[in-house]
Amino acid sequence: GFAKVDHARAARQSVGEVIYGAGKTAEQIAAIAQALVEGGQPSVLATRLDAEKGRRAVRLMDAAGLPSEYDDVSRTLVAGASSAPVSDACAPLVVVACGGTSDLPVAEEAARTAAFLGDRVTRLYDVGVAGIHRLLASEDVLSQATVVIAIAGMEGALASVIGGLVSCPVIGVPTSVGYGASFGGVSALLSMLNSCASGVSVVNIDNGFGAAYLAHLICQVPTRRYEG
Amino acid sequence: GFAKVDHARAARQSVGEVIYGAGKTAEQIAAIAQALVEGGQPSVLATRLDAEKGRRAVRLMDAAGLPSEYDDVSRTLVAGASSAPVSDACAPLVVVACGGTSDLPVAEEAARTAAFLGDRVTRLYDVGVAGIHRLLASEDVLSQATVVIAIAGMEGALASVIGGLVSCPVIGVPTSVGYGASFGGVSALLSMLNSCASGVSVVNIDNGFGAAYLAHLICQVPTRRYEG
Amino acid sequence: GFAKVDHARAARQSVGEVIYGAGKTAEQIAAIAQALVEGGQPSVLATRLDAEKGRRAVRLMDAAGLPSEYDDVSRTLVAGASSAPVSDACAPLVVVACGGTSDLPVAEEAARTAAFLGDRVTRLYDVGVAGIHRLLASEDVLSQATVVIAIAGMEGALASVIGGLVSCPVIGVPTSVGYGASFGGVSALLSMLNSCASGVSVVNIDNGFGAAYLAHLICQVPTRRYEG
Amino acid sequence: GFAKVDHARAARQSVGEVIYGAGKTAEQIAAIAQALVEGGQPSVLATRLDAEKGRRAVRLMDAAGLPSEYDDVSRTLVAGASSAPVSDACAPLVVVACGGTSDLPVAEEAARTAAFLGDRVTRLYDVGVAGIHRLLASEDVLSQATVVIAIAGMEGALASVIGGLVSCPVIGVPTSVGYGASFGGVSALLSMLNSCASGVSVVNIDNGFGAAYLAHLICQVPTRRYEG
Amino acid sequence: GFAKVDHARAARQSVGEVIYGAGKTAEQIAAIAQALVEGGQPSVLATRLDAEKGRRAVRLMDAAGLPSEYDDVSRTLVAGASSAPVSDACAPLVVVACGGTSDLPVAEEAARTAAFLGDRVTRLYDVGVAGIHRLLASEDVLSQATVVIAIAGMEGALASVIGGLVSCPVIGVPTSVGYGASFGGVSALLSMLNSCASGVSVVNIDNGFGAAYLAHLICQVPTRRYEG
Amino acid sequence: GFAKVDHARAARQSVGEVIYGAGKTAEQIAAIAQALVEGGQPSVLATRLDAEKGRRAVRLMDAAGLPSEYDDVSRTLVAGASSAPVSDACAPLVVVACGGTSDLPVAEEAARTAAFLGDRVTRLYDVGVAGIHRLLASEDVLSQATVVIAIAGMEGALASVIGGLVSCPVIGVPTSVGYGASFGGVSALLSMLNSCASGVSVVNIDNGFGAAYLAHLICQVPTRRYEG
Amino acid sequence: GFAKVDHARAARQSVGEVIYGAGKTAEQIAAIAQALVEGGQPSVLATRLDAEKGRRAVRLMDAAGLPSEYDDVSRTLVAGASSAPVSDACAPLVVVACGGTSDLPVAEEAARTAAFLGDRVTRLYDVGVAGIHRLLASEDVLSQATVVIAIAGMEGALASVIGGLVSCPVIGVPTSVGYGASFGGVSALLSMLNSCASGVSVVNIDNGFGAAYLAHLICQVPTRRYEG
Amino acid sequence: GFAKVDHARAARQSVGEVIYGAGKTAEQIAAIAQALVEGGQPSVLATRLDAEKGRRAVRLMDAAGLPSEYDDVSRTLVAGASSAPVSDACAPLVVVACGGTSDLPVAEEAARTAAFLGDRVTRLYDVGVAGIHRLLASEDVLSQATVVIAIAGMEGALASVIGGLVSCPVIGVPTSVGYGASFGGVSALLSMLNSCASGVSVVNIDNGFGAAYLAHLICQVPTRRYEG
């Protein structure tokens, strides 16, 4: 086998293994998913699959009797039981905010990962700082967030502005959207690292998955403390 | 006055104003602290004061009847009522970990900020990855953390290694410790942003304050959810 | 003489020669100022003089019968007739906005340069994006601007946010304020270059003078068109 | 719908919405254009469409009864009523200058955007500084400009040289033309930011659109002041 | 001919010429290999051949009567006599360690080069620092190493952690694996250069060959000293 | 105490603890040295002490009865028994080569560290590549080396040229010597990482200590293999 | 027409116009060449044409009765009368030196440009510094040079080493050959800029043409002085 | 002694040894100068001495009977016979051009080095591109140059503009003059490397000495060819 599947990590870290699809073939992804499901994980998420690879993986798992769904905006695939959206209005809430249509792939990677991990998710798209009034109109949603994932390319100001509006943790995700002096996300990354608002931290450029994973750990804080 | 003091932020964001001392004179710092205490904030933290400025500010506040204490490792000053360490063993726990003695100023800025904000703090110093056994010997402390602040300069590997050991959020603080190709903290910053362990996010180089502030917001998640 | 004074430029470019004080001695600055005033320029501005050099230059000119004033926030000096503030409420308006107290030296360099050039100036300080409500409370001032100079260090988001609020040109001035990943103003510079709001352009880091000079040229557009 | 069309911005900012075509499909662009025209905008500009996407969008709008034209040098498309060139010799003038044939796509993006916004435009191409005499031969055109857009790749000196010749605002647009140490436009960008001539500001690399938009706001200064 | 084959280097430097396949055609590679074998070198290694070039070179040499084998993980080709694995348990040992499946091409380039040079090789794959327990479980293998090649992308912490565990030389090989702020291997490179563990040195990004070559020279130290 | 002294590392890694003096006071250095000597280490090396700190530490240890010597070229201090130079002509040989007088501090840090660790050392100074004949005149010395430490600033070519001349491992140490585009050692660092000669690896800029430590481990290879 | 052909430059600068083919179509190149030949230039050089464009341009000119030749190593094309190699052993001599086969495209661009400009050219290929003896064996050729063009990628040491051997000007051309930390030629560029040998200057990465053009101007110095 | 004085280089390279004063004490500089003069070199140049070191060296040599002169603009010192300016109007001519007063130290280092080497020198200062007419007014001087040294900081356009005006070699010297995005000379360096004018090459930032040395070699071309 190409990779020792780490069942123990699930126990140790409270969430199941997620497949990073970038350097793997559809065949490898299907096989790992199968192994994880057989190992007891009810459903499996794979990220970073382009459309061709995603569709091929779906067909392969289908042939092997494992239902799966591929989403081509977020380039993610979920195999096994699909999780129903969380309806409990008291559940911790992950708000995923982004500025423009070009940030959608990263935003959807974050939102679908959060949903996969069992979190309640609200999307707040098209709230870029160039039209600040749209963001301000959403202050009520923001105020209910347990954690906000702020996704932005170009000048990356969204994380700072949201950081100033809310009193919960903000996870900034710089995106590689832009051209010229955006330098593949570096401009947004530096912006977010220098946020003049406190309570903001940053993950790697385009790392929607990582932001959602961290958001999940933050949402788990009460559970771990009061319930487990 | 040189700065409109933002009393509202305390209400809006659940923690009091903290003074960023870097570009201010001892006179300005003393005056802002006085204003904040008179405005009802029981105690005030100021960060980034070198020894001379810190001592001068203490003398000035003393003359004005406001007790204060300056710590020259962390270069922070606390004016007003000093907070007793949290003794409740069920309170959320911030673990502050760092590798070497050169990271102490940043680690202490984080630890003292967390204490100031009312959080329970455990220090885990001198656990650099070059002697991994010392870190592993502390796995029990790490496992009780609500959030870990991992502080490291040079190659910054500490955040990744801790991220692989714990299932709570890890906040990486790169430090400017090092020389040559450490580029004033850039090497550690990139390391932490590229952490192969999920659940790790990063704040600005040397930003111990920001990490503790964020840690506090994460510790507040249960309170906001269940109690408030 | 150390520099051929370019009287012709004043004619060619509509504003007088300004002395860049950074690499020059107090003696050189005083001598150039004298020569310009004798050449017919009613008053002379010098920028980038630290306190010691500024005071020495004032004394030297004083001794030579040329009145002058040094301002130590902006580190500028004006020799000769000082210009009264513009009171005509119909005159073009330069709004100088900045986020925090650390940006004051650059903001004042811009504001004083604009005043020296004869423009009407309104200062809008302490309106950083981490507390966006303070900026929004100033929308009426912004809406009257002929041009806005947006000055910010760290994440530099102020230029984008203002760019989205106004329909006049915005000149961004990144400042070297910050630490760590602010890289001496690079973070703010990149932010502003990538502004998602149209109508924003950028000058060099800390170049308050250049922004005010450009603002002046923009304010002159009607004069040049309708009057001369 | 994929994006909330912001009709209000036109009112707030005096110019209509422009479609940034880079991350959008021909179908999306056609649909947005249609919606904007139906919303009352007489004509719509879309930028950054490669030839294939541009032609497809033209066909789609044609089928829907909306006339449009695609230009493959500037990679822009105009849908709806095409604007006649401004013939009034007193109208504000945007001079678009560039050095070589490789800068043409950016120069034409600027020139066509300015024309779309209703400005009078004069093109001054092939006036690179390596043959300075060609530029000097155009001093009369330059002297009539309300604003100059100086477009250059490689060493980007054009903006400085023009800045020294004129007394109106100069907007520098660095282009990604070049190889090796031009670093995709960084060399030209730094040159322009460091211009030793005052009155020069800079927009993002290859951002011909942004320069023209800003030029338009500058041309509007008299209108806003004297007429509106 | 396209290159003067340097037979003398073998004598001067104790190992045979290796072909760097990146900029050469299959025809050139086959011809150089043939010339080297005819010149007396029993077998020849070529690196950096993509699958197509590798297969074509094999066919060409086959046609010319020179047996060869291409491996498509490491993208290397060995022509001539293939070397049997070293079975002598007292022979110097090169341990090749890497973190994840994405580092395999570089790891295999190193491992196969070491084997080609006649060294005993043990592979320690999938021991990334995010799951430090897997690495610690291999301490006995590590303790027998004469030299360790530590291969890692992203945050590159593996070299430091191994450097702290062993008392033999560690050669770090940063890989270009990762995205965003990994900057094509720069993050891992800086990490390794700043290793807080002594005894670690670094070769170029993705340079598995160079690491194995150096490892071989280190393994030869006793031979050169005691035997030759 | 400020640092848990790691006696175990000596056992685990075959060499004693060395004190990195950069961030420590003379008092701290003297105390750590004392503790190590009392713990059984016959002598202690401290690096990166400027002249003032070095002399103060010597005085402090003197007062405490611990003999020590400070060298102000290398900025190192040795406390305890000083090691006699190795006279055995069969002992492994570390050749320390550098180009110019400006590289001496780093070269001497390397040479003195190697001597401290018990290795035989030959210095080959003033052999920069701009006068290649001086280097070639030393080929006999180079040919006897077990390992060469090649130290160079500016263009850093020395490591490559030596790498082509010898068949033993070469450790490159880039130095921060130079100005302008040497960027504090980055130019030399990149040169060495890209060495076209195989067998060359690199440590951090100015890290003479690290190079000598690694050289020592390489010299130990026969001992560990044949004797221990 | 797409470009005003600058016949005057030939007069002003002593060499004819050369076509930079990178951003132009075969049709444009053929038309410009035709215009230049009709304008009196006996032959025309075009650089940076890939094989397809080069062959197409040859066919187009052929059809128009203009003979031409395309060389696919240097990616250059010469139209019109081809120049015979210079046989006069007293003519100024341009020596073109490079290290490896990967540098050939740049080296041949330089050599063919020099020949086109009428200079005597000697090629010294495969003399990289990793095998310094091959370079030293060519000292007699080097000593006859009027100017040396030193072409190298990776660590770029060739320029420094040659600079130390000769007493004529050396023009360094860094190439983008390499991988990883060669950063597309930046490593070689920095090396050459920091050359510890005096008499070395540098042109842009991969700019073989520019080096040959400059070499020609240097070779012309006696002619301009004594003859013209 | 601290450095083997290389008398042979003078013979090999036609110019005498020059002392690089940056890392040396006044005592070392005086001693080397003495040794060179005793070795037969009529006069000696030392560069990069700050005022204090320069004056001290003059006093030391004075005491030893060696006359010398220190110039504090260029920070150079000449010991021994001072060379009279070249009066022969047919001698090769080095034109040293620079833009502003801040570039004077580098310009004077170049001009004095050229004079020391025996070349005829014309200074063309204060001809920056922001006032292009001053440069154009000097076209006759430029047209007589054998070689031009173009010195500029900030945007560094001077080299390109001069390169377009003359048909002799142009040596660009970027200076570290500027602030913000000039990045210590990087902006000017990149500008010059990307010069759109052919015939321009570049030396290291602030390297006036290196430019003059190269200029001298170019001036020697006729001598070496026709006379020696």
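A, B, C, D, E, F, G and H are the chain letters, set down in written order, and residue numbers restart from 1 in every chain.
Just so it is clear, contacts are C-beta pairs under 8 Å (C-beta built on N, C-alpha and C of every residue); 3 or more make two chains touch, one makes a residue touch a chain.
Keep in mind it's a predicted model, so treat the numbers as computed, not measured.
Between chain B and chain E, the least number of touching-chain steps is 1. Taking each chain's centre as the mean of its C-alpha atoms, the one that lies farthest from the centre of chain E is C.
Centroid to centroid, with C-alpha atoms defining each point, chain A and chain B lie 27 Å apart.
With centres set at the average Cα position, the gap from chain D to chain E is 52 Å. Centre-to-centre separation of chain D and chain F, using mean CA positions: 58 Å. Averaged C-alpha coordinates give centres for chain B and chain D that are 47 Å from one another. Shared interface positions of chain E, defined as residues touching 2 or more other chains, are 100, 131, 180-182, 186, 189, 193-194, 198, 204. The chain pairs satisfying the stated touch condition come to A-B, A-C, A-D, A-E, B-C, B-E, B-F, C-D, C-H, D-G, D-H, E-F, E-G, F-G, F-H, G-H. The touching residues of chain A, counted against chain C in their complex, run 99-100, 128-132, 136, 153-157, 160-161, 163-165, 178, 180-183, 186-188, 190-198.
Those residues of chain F that touch chain B in the shared complex are 2-4, 6, 9, 22-24, 174, 176, 184-186, 189, 204-207.
Interface residues of chain C facing chain D in the complex, by the touch rule stated above, are 12-14, 90, 92, 146-147, 166-169, 171, 189, 193-194, 198-204, 209-211, 213-214, 217-219, 221-222, 224-226. Contacts from chain G toward chain E in the complex involve residues 100-102, 126, 131, 134, 177, 179-182.
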